[in-house]
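These are the structures, in C-alpha cells.
Each of the two complexes below includes subunit A, the first together with subunit B, the second together with subunit C.
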Partner chain A sequence: MVEWLLPYYKDIGGLPVVVQIALVFILLAICFTLLAYFSILRGRYRGYVRAKRQNRLNPIIDGLIVEHIVMNEALNKAKAAEHESVAMHFQLPELEPKWARQLLIDRIIDFRKNIRGTVGEALRTLYLDLELDRDTQRKLKSGSWNKKVQALNEYVSMGVPVADVTLLPLTNSRNRELRSAARHAYIKLSRNEPFKFFDVVSDNLLMWDQVELFRIITTTEKIVIPNFARWITYSTNKSVVSFCLKLVVHFNQTAAIPAIIKLLGTKDHYLRADAISALGKLEVNEVEHDLVEMYNNQPLNCQIEILKALGRLKGKAHLDFVKKEFLHASDFEVRKNAARAIVNMYPSGSPVVEELLVSATEENQLILRHCMNPLIKH
Partner chain B sequence: MDERDIWDWTGVFFESTIFIYGLVLLLVYALLAILSFYAIRKYTQSASLSDQHHDLLASPLAPGITVLAPAYNEGLTIIQNVRSLMTLNYPEFEVIIVNDGSADDTLEKLVEEFDLIKVDFAYNIRIITQPVRGLYKSTNPAYSKLLIIDKVNGKSKADAVNAGINAAAYDYFVCTDVDCILHTDTLLELIKPVLQEPKKRMIAVGATLRLANSCEFDEGVMVRMRPPQQWLPRFQEVEYIRSFVLGKMGWSRINSVPNVSGGLGLFDKEIAIRAGGYDSKSFGEDMELMFRMCRFSKDNGINYAIRYIPKTLCWTEGPASIKIFKRQRTRWAKGLAQLMYAHFSMFLRPRYGRMGMVVLPYNFFFELLAPIIEAVGVVFYVLMAIFGVINWPFALLLLVFVYTYAIMITTLAIVWDQLAFRYYRTWREVGQLCIMPFFEFLLYHPMIVVFSLVGYWDFLTGKKGAWGNMQRQGFGGVKK
Partner chain C sequence: MAHILVVEDNEIMQKLVAAILEREGHTVTVAPNGKEGLDLLSVPEPPYDLIIADIMMPYANGFEILNKVNKSEGRRIPVIIVSNLSNEQMVLEGFQLGAADYVTKPIMAGELLLRVKRLLNSH
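For the complex of A and B:
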C-alpha cells in the first residue's frame, strides 16, 4: 500500500479529498496517541517521584515537630528566644527546596488541625519564624485562582491575619472557589468586622457557601456574633436573609424575633416558609395565632411549615384547627404534618389521639400510627 | 440515465453520506475529548483545594438523601450489601431496600439480621406500583436509617424503585443496585453539584462506574482497584472509562447529559415523581426517566441541569461470559430503540432546548443508527469486493484512519482518567488497560454491533424479554 502511495507524495493534491482528510486524521491520531502515552508515563513518573519525596521527608518533618514542639514541655514557659531555637532545628538542607517547604507547610497545618492550645500556637510561631508565610504571600499574589485559594486556606489554617483591603475584593470574585475561600478567610481573620461582607455580597449565597460559612461561623473561637436581625431587616439579598435565619436559630437569638415576625409578610413564599420554620424552632408562642390566621392564604410549603411550627410550639389552643386539617385536608403531606403536630401536642395514649384512632378514616388512622411510632423518624 | 449510472450514483451517494456521517461522529468525539478535559480539570482543581467533605459531613444544613436499592433473589449477598450501604458517610440519610417479591429468603435474612418488625407506615402512592405487602423498621437503634419494603414482584427494577420513591422521606434520592459497591463518600460527592449550582435546578447527578471484577473488597468496602483480569470485562472497563470520563463529562460541560446510569445516580424526587417515575415497561428505564424528567422540566419552564462527576463512586460486576454480555447489550439496545420511539416528538424541536436539538439527535444518529449503518457498510463492502470494484489501497487507508482514530479517542479517555486519579497502583495495570484499544476495534466492537442489532430486531418483532439474572459472584470478604 505504501509503495502504491509513494508517487502521490509529490502530488498530495492528486489524491481524492476523502483520502487527503483520512491521511491528516491518521497523522493526528498517531501523534495524539503517542502524546497520550507520554502523558501517562510522565504523570505516573511525577506521581512516583512525589510519593517518594513525601515518603522520605514526611517522617523527618513529623519527627522534628513531635520532638521539638509536641513533646517539648519547656515550650509552655518558653520565651521568644526559645521559639527561635525551635525554628533552627528545621533549617535543614533537605527542607530548603520550594517543594520541601510546601510539604513542611502542609504537615504543620495537619498538626495544627489536630492540636490547639500552646502547641498550636508554637506551630504557628514556627510557620512564621521559618518565613513560610512569604511562600503563602507569593501564592496569594499569583495570577492563578487556585494558588490564591491555597494561600487563603493556609492563612486561615495558621491564623495569620490578612488585611481587609486584600480580602474584601476577593469576597465578590467571579470564581466560586476563590469567592468562597475569601469569605471564610474574612470571617476567620478580619480584625474589624468579620460579617461586613454580608453587606456587600451581591450574588446569591449558594447552599454550598452556606454550609461552609455555617461551619466557620459556628466553630470559630473568639468571634463576636452580631445580631443577625440587622440583615434580616435590611438586606435585599434573599439568600443572606435565609442564611441569617438559620444562624438566628442556631445561636437562639431571641433579639431577632421581631425582625423574623416582620418577614411573615414578605412576598417571597420560600423566605416566608423559612421565617415560619425559624419561629417554630425558636418556640415563639405569641405568633401561634397569626400563623393560624394566615394559614388558608398560604402556598403548600408555608402551610406545611405552619403545621410543623404549631407542633413545635405545642400550643393546644389551636388543636381544633390542626385536627380539622388532619381530618379534612386532601393533601397527604398536610395530613401527615397535622398528625405529627397533634402527636407532638399530645403524647400517645392521650384521649385526643385515642379518639382520632377510632373516629378517623382508615388512611388517617394509618398516618397517625405512623407518626406515633418512635421507630419512624419522618 | 441507464442502470449502470443509477448504481454508480447510488454508490457515490452512499459513500459520501457515510463519510460525512463518520467524519461528524469523529469530530463530536474530538469535541467531547476537549470538553471533558476542561470539566475534569475544573473538578480536580476544586477538589484538591480544601477538605470540603468535612464541612458537609458535620453540617446541619446538609439536605437529606434517600438511598434506594431494589433487591430480587439476593439472599446470598443481601446482608453484606446492606451493611455496605449503611456505612456511607453522610449526616442525614436513609437506606430503603425494596424486596421485589423475591422467591428466595432475602426478606427472612433481612428481618433476622437487622431485628426488623412490620410497622404501620403511611405509604403515599404517588407512583402506581405493584402492591406493597409490608414495610419493616429495625428495633435496633443502630439500624434506624434502614427501611425495608416488601412488595409483589413487578418484573422490573423500575417498579421496585418507584415503590421506594413513594416511601422516600427526603427531597433527593440516590438510586443504585443492591449488588453495587459504593464509595463511602458517594453521597457527599453526589450532593455537592446540587449545592454548588447557582442558577439552575439540578435534577440529576451521576458519577463514574467501574467494573468490580478484579478489585479487592473488604466487608463491602473497596480496598484495591484493579482492571479486570479477563478480557471481556476489561474491554468493558475501557468502554466505561470512555463513556463516563470522556463522554458524559464532555456532555456534562454543556448540560447535555443523555443519561444518568441506573447503577448510581442522584435525582430530584419531586421532579422524578411529577414526571411519572420510572417506566416499568422500559428496558432502558434509567435513560427513559432522564428523558422524561428533562421533558417535564422544559414543559413546565424549569431551568434544569444534569451533571456528571469524573470520580469513580460505584463498582459493579460486569458480565464475564459472552452469553450474559449478549443478554445485557440486547436489552440496552432494545431500551434505546424503545426510548427513541417514545420520545421522538422532541426530535429537533427548539422548545426542548438541548434535549431536543442535541441529545436526542445525537443519540438517534450516532447511538441508535450506528450499528445499522455499520452493518450496512459491511454488507456494501462485501458486495463491492465480490464485484471487484473496491479500490483496495484507499479502502485500507480509510480503515487505518478509523482504527487509529478509535485508538486515539480511547487512549485519551484513559489519559484523562489517569491524570485526574491514580486508581491503579502499578504500571502493569495501567499497561493492561492501554493495550485494550488496539483490540477493541477488532474483537469487542463487532460483538456490540451484532448484539445491538439483535436488540433492535427484538424491539421490532415485539419479543418479550425478561429481567435476566446476571449470575453475579458477589463481593464476599477480600476477593483477589
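For the complex of A and C:
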C-alpha cells in the first residue's frame, strides 16, 4: 500500500538528521493545518445545515405560534391553564426529529423573551404539553457541560422548577460557566429558598460572580429575600459574607445590623473593612463611638473605611477627630478620606471646612477643594 | 380601524406586534429598521394613524423617527416607543422628544392594545 513511498523514504534516510527532523516537523505542521481546515469546514457545514433547517422550519413554527397562541381569542378570555391545549396543532411530522424539537424550544424561548402575560404563560404551557421539558431534562443529564448550561437556560427561560438535589451540586461545579448558570437558575427557580446555595458554596465568589449574582437578585421579580444575617453570622466562606453585606446594604436590611456589628471583631481585616463600610451605608449611628475607639489599632484599609463611615454618619461628636486626621496623618489616602468626611458632615462640618480653607497648608487646601467638587467621585 | 406603522428590527417582535394589532382589526405596515421607517414617513401625507417604534434599531433609531414626525407638516401622528426595561433614560428622552406613550419589552398584549386604543381615541 505504501510502496510508492519507499523510494522517498530511502532518499530521506540518507539526509542529515537535522533535515530529517525538520521534515518531520513540516509533515506534522501540514497534518495539523489540514485538520484545522477540516474542522473549520465541518463547523461551517454544520452551521449551513442548521441555517437551512432554521430557514425552513422557523416560518412554520412562527406561523403556528402566531395563529394558535397570539391570535387565539380564547386566551384572552380564560387563563392560560384553563384553556384548551393548543399542543395538537404543533404535533406535525416536520417537528418530530430531535433537531426540530430543539428549534421549537429555541423559538418558543425567543417568543417568550418578547412577550409576557397570558401569551407568555400559554407558551410555557405549550412547552410542557409538548413534553419539551423532557428534552431539556435529557440535556441536563448529559455529560457535556455546555449541554447542561443550555438546559439550565431553557428551564430559566420557561420558568420550570428544578429539584434542589439536581441544581445544588451544579452550583459548585468546577466549570465556571456551568457554576454561574446553575446559581442563576437556582435564584430564579427556587420558590422558597433562592439563596440556599450560599450554604454550600465552597469556592470564593469572584468579583465577577458577585456582580452577576447581584444583577440577577436585584432584577428577579417576586424573589423571596431572606435575612442575610444568617450567612453573615454562620458562613465560613468569607466571600459569601462579604457579598451578603452588600445585599444587606442594597435591601436596607436593618435586622442584620447586630450581626454586622459582631463582625467588627473578626480577625480578617478585609471583612472588617466591608462590615465598617456596610454600617456607614446603613447609617448606624450607634457604632460611631466604637469606630473611633478602634481606629488606631486598625490597618489602613479599615481606617479609610472608618473615615468614610464617619462622613456618612454625619455625627458632629467626632468632627475634631476627623479634622485631626486630616491635618496630621502622613498617608495621602487617609487625608483625602478625612477631608471628604468633613465635607460630607454638612452642616456641622461647614465651619470647619471654611476654617481649613484659610488655615491649612497649600496641599491640604488642594485636597479639600478636590473633595468639595461634587463632580469628582474618588 | 386604524392603520399602524410598526418600526421594529426584531423579527419576532414584528410578528408579535403585527399579530396582536391585526387580531383587533387594525391594518399594520412593518418597517424592519429605522431607515425604512423614515422612508415610509417621507411621503407628503403618511397614511398612518399611529406609529409604534423601537428605540434601539440599526441605521436610524426611534428618536430619529420621533424627530421626523415632529418636523412633518400636517397632522401629527402619535408615536408609542418600545424599549427594554433597563432603558429608563431613553424613555425619558423619548418623552422629551414628544412620544405619546411607551411600552417595555417583553410586552403584554392587553397593555399594548389598551395604550393603542387610548391614543387612537384621543387623536
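Just so we're on the same page, the second predicted complex is superposed on the first by the 279 of 378 C-alpha atoms of A that agree within 3 Å, B and C clash if a C-alpha of one lies under 4 Å from a C-alpha of the other, contacts with A are read in each partner's own complex, and residues count from 1 in each chain.
Basically, contacts are C-beta pairs under 8 Å (C-beta built on N, C-alpha and C of every residue); 3 or more make two chains touch, one makes a residue touch a chain.
Quick caveat, the model's predicted, so the values are computed rather than measured.
In the superposition on chain A, A:H289 contacts neither subunit B nor subunit C.
For subunit A, the partner that touches more of its residues is B, with subunit B and subunit C as the two candidates. Touch criterion not met for A:H89: it reaches neither subunit B nor subunit C. In the superposition on chain A, contact of A:N114 is made with subunit C only, not with subunit B. Within the superposed three-chain model, A:Q150 lies in touch with subunit B and out of touch with subunit C [touch as defined at top]. By the document's definition of touching, of the two partners only subunit C reaches A:V66; subunit B does not.
In the superposition on chain A, A:R134 makes contact with neither subunit B nor subunit C. Once chain A of one complex is fitted onto chain A of the other, the partner contacts of A:V19 are limited to subunit B, with no touch recorded for subunit C. Looking at subunit A, you'll find no residue that touches subunit B in one structure and subunit C in the other.
Within the complex formed with subunit C, the residues of subunit A that make contact are 62, 66, 70-71, 73, 76, 110-120. Every residue of subunit C that touches subunit A in the complex is listed here, in rising order: 10, 12-13, 15-16, 19-20, 22-23, 105-111. Partner subunit A is touched in their complex by these residues of subunit B: 15, 19, 23, 26, 45-46, 48-50, 52, 55-56, 58-63, 94, 117, 119-122, 124, 137-139, 144, 169-170, 192, 194-198, 392-394, 396-398, 400-401, 404-405, 407-408, 411-412, 414-415, 418-419, 422, 427, 430, 434. Subunit A makes touch with subunit B in their complex at residues 1, 4-5, 16, 18-19, 21-23, 25-26, 28-30, 32-33, 36-37, 39-40, 43-44, 47, 146, 149-150, 153, 176-177, 181, 203-204, 206-208, 210-212, 214-215, 246, 250, 332-333, 336, 363, 366-367, 369-371, 373, 375-378.
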